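In the two complexes below, subunit A is the common chain; its partner is subunit B in one and subunit C in the other.
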Partner chain A sequence: MLEEGRISGGQALMLNITMIIATTLISAPTIVANHARQDAWLAMLLATLLALPIAWITAKLGTLFPTKTLVEYTEDILGKWPGKLLSLLYLLWFINICSVMIREYGNFIVDAFMMETPLMIVNILGTALAAYTVKKGLEVLARVNQIFLPLIIVSILLVFLLALPEMKLERFLPVFEAHWVDIFRGAMAPLTWMGEISTFAMLIPFLVQPGQARHTTVITILLVGLFFTLLVVASVATFGPIIDNMIYPVLSTTRVVNIAQFIERPEPLIMAIWITGGLLKISIFYYVIVLGCAQWLTLKDYRPLVLPVGVILVALSSIVARNILELVHFIAYVWPPYALLTFEFGIPLTLLVIALVRKQGGNGP
Partner chain B sequence: MVFPIIMAFLVIILLEVPGLVSKKMWRELTAFAALLIIGMALSITHTLGVMIPNPNKYIEILFKPLVEWLSK
Partner chain C sequence: MAALLSKFRRPRRLNTLVPKPGKSNGDQNNQSQIDPGHASQSRNLSSNIEDNLRSLKGIFHQCSDIIFREFLFAQREQIKLALIYIDGLIDKSQVSDQIIRALSLEVPVATDETTITKKNAWHYIKMRGLCVHQLQESQRLPDIVSAVLSGNCVLLVDGHPNALIVDSRSWAARSIEESKTETVIRGPRESFVETLRTNTSMLRRKIKNPNLKIEVLKLGEVTQTDIAILYINGIANEGLVQEAKKRLSDIKIDAVLDSGYIQELIRDNPNSMFPTISHTDRPDRVAAHLLEGRVAIMVDGTPMVLVAPYLFIEAIQTPEDYYEPAIFMSGVRVLRIISLVIALTLPSLYIAITSFHQEMLPTPLLLSLAAQREAVPLPVFVEAFIMEFAFEIIREAGIRLPREVGQAVSIVAALIIGQAAVQAGLVAGATIIVVALTAMASFTVYYSGSITFRLLRFPLMFLAASFGLFGMIGGIIAMVVYMTSLRSFGVPYLAPLGPTIIGDLKDSAVRVPWWAMHKRPHLIGQNNPQREATGMQPKPPQQKNN
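Now for the complex of A and B:
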């Protein structure tokens, strides 16, 4: 097999959580509040509920083919050439997500902290560091993530704890003011972020016990849903529904922190969270792309592909959007129908149905 | 601006190719070269200011009705 490393169930859980929350956490409340206003927390809970089937499908497919990744079992299910074609589309999709992610990562740093640094410098340095992580393999990535994810979670909770005096629960009133269609529309974007769990299909065979995949995905979605709901509740409680006009509401929350006129503006915390989380998330998707390419071409080693793929990702990160508004438009409105109908939900569901009908896979239906 | 990019590509080639040649991994070398050429074409033309079609725009056109419903 291409990857010799193995990861434990706990490490996989943490990788999944990073994969979902890292780059979305800064702008998540805005995109949800756009439609659902102060009922954004309801939209988040709805999204969590709707994401559970995606998690289940991913895990079910993974346990049917416990030694194969997504790129490999499409060939088993659909036959050689249709499977190859579908895997290629998946790889292009991963490349698309990853380049958008690198752009998001770079744009935030340039917009919020380092205004005079060219965007491409941040993107290139970030991708180079991610390339190094990917070259070291999955086990190293999983362990680095194991160290940093708890720090990320603790920092973000700390920020909200500091902002607690500014929060007012009246800002949630009136509850259910938004129409249920608007709540549903608000739930679409977070649903697609949680749907990124479908990427886990590329990592399931490297679990020590692939059978754990089912618990892992479901627990991931529940924890991430809880975390996102907390994020939205804190942002709405601080600013009220006007957060739909902010690009980075979580950053704005840190800017209002003022405890005894002594602890003020803990923004470096947000920057630290963003850089570590963003890089880990980019590394995970980068790893998935490189591994997928190597499996698709049936190579013996994936490491030689790391740098060329990095070059493509950096170039695309500059091409995918002209400015931050175009990027936010893509993430908020184009991404949800695109990802949900095809690669996150539509195609995996079809694959699962075909596999079950044709009685394929190790464990049987 | 093109000069540093070409330097970067030379560094990448020097880092990877000798190892691949000495291990006689020709298949890997071909894949490496193909991906690197795509990357080179994208980055150099983009730096020179040639408009490269943005894939996200085409995706948006493909899902137009749903995008409009969502962004209303």
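Now for the complex of A and C:
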């Protein structure tokens, strides 16, 4: 195996949660509210429900091939060359997600906090830091995530707690104003993010007990769904449906905090959450890419690939979109059908069906 | 040209006292004096006392502190005895009374002296004559030499190829005092001293159990320093004990003058700034660590005892935490964590916010800061850097200077660097506050742990000055990633935080009461996890329902 480290079920759960929420949490409410207005919370709950099958398929495939990653078992299922081709597509998809994420990451930092710093510098520094984490291996990544994720969650809850005086429940009224089609369309973007759980297929063989994959994915989706719903509820309660005009509603939430003229605008907190969370998320995808490439090329070690992949990611991050509006548009409108129908749901489902029909896999049903 | 070059290349004699190569004649002799064990490797004693004395005198040539005392056994001219010891390392009255006086004067009184012959003298000396508590026999010359050097008396008997090694060690030693490096308000006061045996006895008094093992070995080719490995059999992980012994036995060095030598030679990450082996001079701390399943390493000649593995979390743990009430000490733990964060990040946070993110400050605070900084000619990074640097100088001076001038330093530090610098408009008052708070905060945690943080503060300040909060947080993340990748004797350095071990969090940011601390730390004490009986929570006596 390329990776000697093993992660526990709890660590995997936390990695999954970071993988989904870290970069999306800042802009999630906007994108959902675009369609569903004040019924965004309904869209979130719907997305959670719809994401459960994706989680189940990912885990099922993982338990059929408990010692292999996605890149490896496609070859088992489809045969050598079709498998290789599909794996390559997956790797390109991961590279795509990761470079979009790096762009999102850099853009937020530059837009919100460091107007005069070139975007490229932030992207390079962030990627370099992620590369360092990736080089240290999966175990270190999982442990670092274990240290930071609770801090991230506590901080974000703290921000909303501080903004509580500004929240008004009337802003949810009238309920069901949006057409159910709009609610459904609003649910698509969060569903895509939750669908990123399919990346976990690359990590399942490194679980101490790969059998835990099913619980892990399902619990991840439920927790993430709960968290996103809270996020949307808090944002809508603070600003009402106008959040669909904001790019970073969570940041805007912190800007209204003012308690006793003393605790004002706890923005450094949001910044810290973003920097750490985003970095961890980038590191996870970066790791998956590097590991997948090494397996695809049947290398003995994935570490030599860290630097070249990093260079590609940074370069791509600057050309995936021309500006933040284009990026948000991409994430909100282009990404969901693209990712969901193919790599997150469509292909895994097909793979699972083929595997089950051909009765492949170690411990079948 | 070539001739000119060769003139430059000619090896210069940097030390003029070193004899020129080829001329030396005393080399061999030198070697034998430095290294007695090697020169007389496999030689045994002969039965002729004069031969033995001659060879010993050859070995101890020009060692003015070695005493050769020759006398007669039971006043018999033909039974000659010789006592060899080092002046200053033995108990003089014991040697004269219980060895010399007993053998020469009291044996003839107590026994029928006519039965004593040269042949049975050995039995008479060993079983009847010597009034000492600890005796060993040896016939190997190197053993005898090392026994003499460690402060034992060696008794040679004419006609016997054996020597008696009498333990009469006693030398001027510092008495047990209060710990100077880790003071507590509540708890034992004693601290280790420089004598290994005293130190082990202090631990043995705390842990009266035959499972407390104290294994001794000698390290240092020249110094022949005694090293003791301590562990509790059945609690300490056997793999850990083996690993510690292996790492110690791999050491080949001329001298071990302090446990710091050992620490650097056996640690996991030799180039890391973070300590992965702790040192302490508190017996109660060592005892607690041993009872958790760790291994301690004592070095003769230093009060600092090494304990491994050392985890990062110990930086905020003090022995007192376990003696004072749990709730109170949990609060103090939280205070220490905040201090640790302040010590690491406050200056860089100050730099980042004042030079990049002014909008994050509340307006009144921002205005007052701006007013203070108006007259300051330096950028905030340079200003903070200079003040941090000045503080480090004061701290270092405070350690090195003679006690008598301590007051002068504190006046200089407080007045000149603090007040005068602000009045002269060189630094802003806020910078002084930041630096002072940082300095104080760094002293609330375990000293060796805080040195690292004090040093890492500077790169973080640099990052904050270059990239604002982003650089600073990025730096901290890199630090955490690095720390996560460290291990101390196989145990992840950041346990129980990363990997998170829920059960061990009972002794991290909080310290639960003793009745709830059922288990030893998971990764260290897994050999014997249960520490105490469960269900010991004290309850008021039950009232009868009538």
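What we mean here is this: the second predicted complex is superposed on the first by the 365 of 365 C-alpha atoms of A that agree within 3 Å, B and C clash if a C-alpha of one lies under 4 Å from a C-alpha of the other, contacts with A are read in each partner's own complex, and residues count from 1 in each chain.
Everything that follows uses one rule, which is that a residue touches a chain if its C-beta (ideal position, glycine included) is under 8 Å from a C-beta of that chain, and two chains touch if they have at least 3 such contacts.
Owing to the predicted nature of the structure, the values given are computational and were not obtained by experimental measurement.
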Touching partner for A:271 - first (subunit B), second (subunit C), both, neither: second
Touched partner set for A:185, first subunit B, second subunit C, both or neither: first
First, second, both or neither for A:10, with subunit B first and subunit C second: second
Which of subunit B and subunit C A:132 touches, first, second, both or neither: second
Which superposed partner A:81 touches (first subunit B, second subunit C, both, neither): neither
Touching partner for A:338 - first (subunit B), second (subunit C), both, neither: first
Shared contact residues on subunit A - subunit B and subunit C: none
Subunit B residues within the subunit A interface of the complex: 8-9, 12, 15-16, 19-20, 25, 27-29, 31-32, 35-36, 38-40, 42-43, 46, 52, 54-56, 59-60, 62-63, 66-67, 69-71
Complex contacts: residues of subunit C adjacent to subunit A: 353, 356-357, 359-360, 362, 467-471, 473-474, 477-478, 480-482, 484-485, 492, 494, 497-500
Subunit C-facing residues of subunit A, complex: 8, 10-11, 109, 113-114, 117, 121-122, 125-126, 129, 132-133, 136-137, 140, 142-148, 261-262, 264-265, 267-268, 271-272, 275-276, 279
Subunit A - residues contacting subunit B, complex: 96, 100, 185, 188, 293-294, 297-301, 304-305, 307-312, 314-316, 318-321, 329-330, 332-334, 336-338, 341
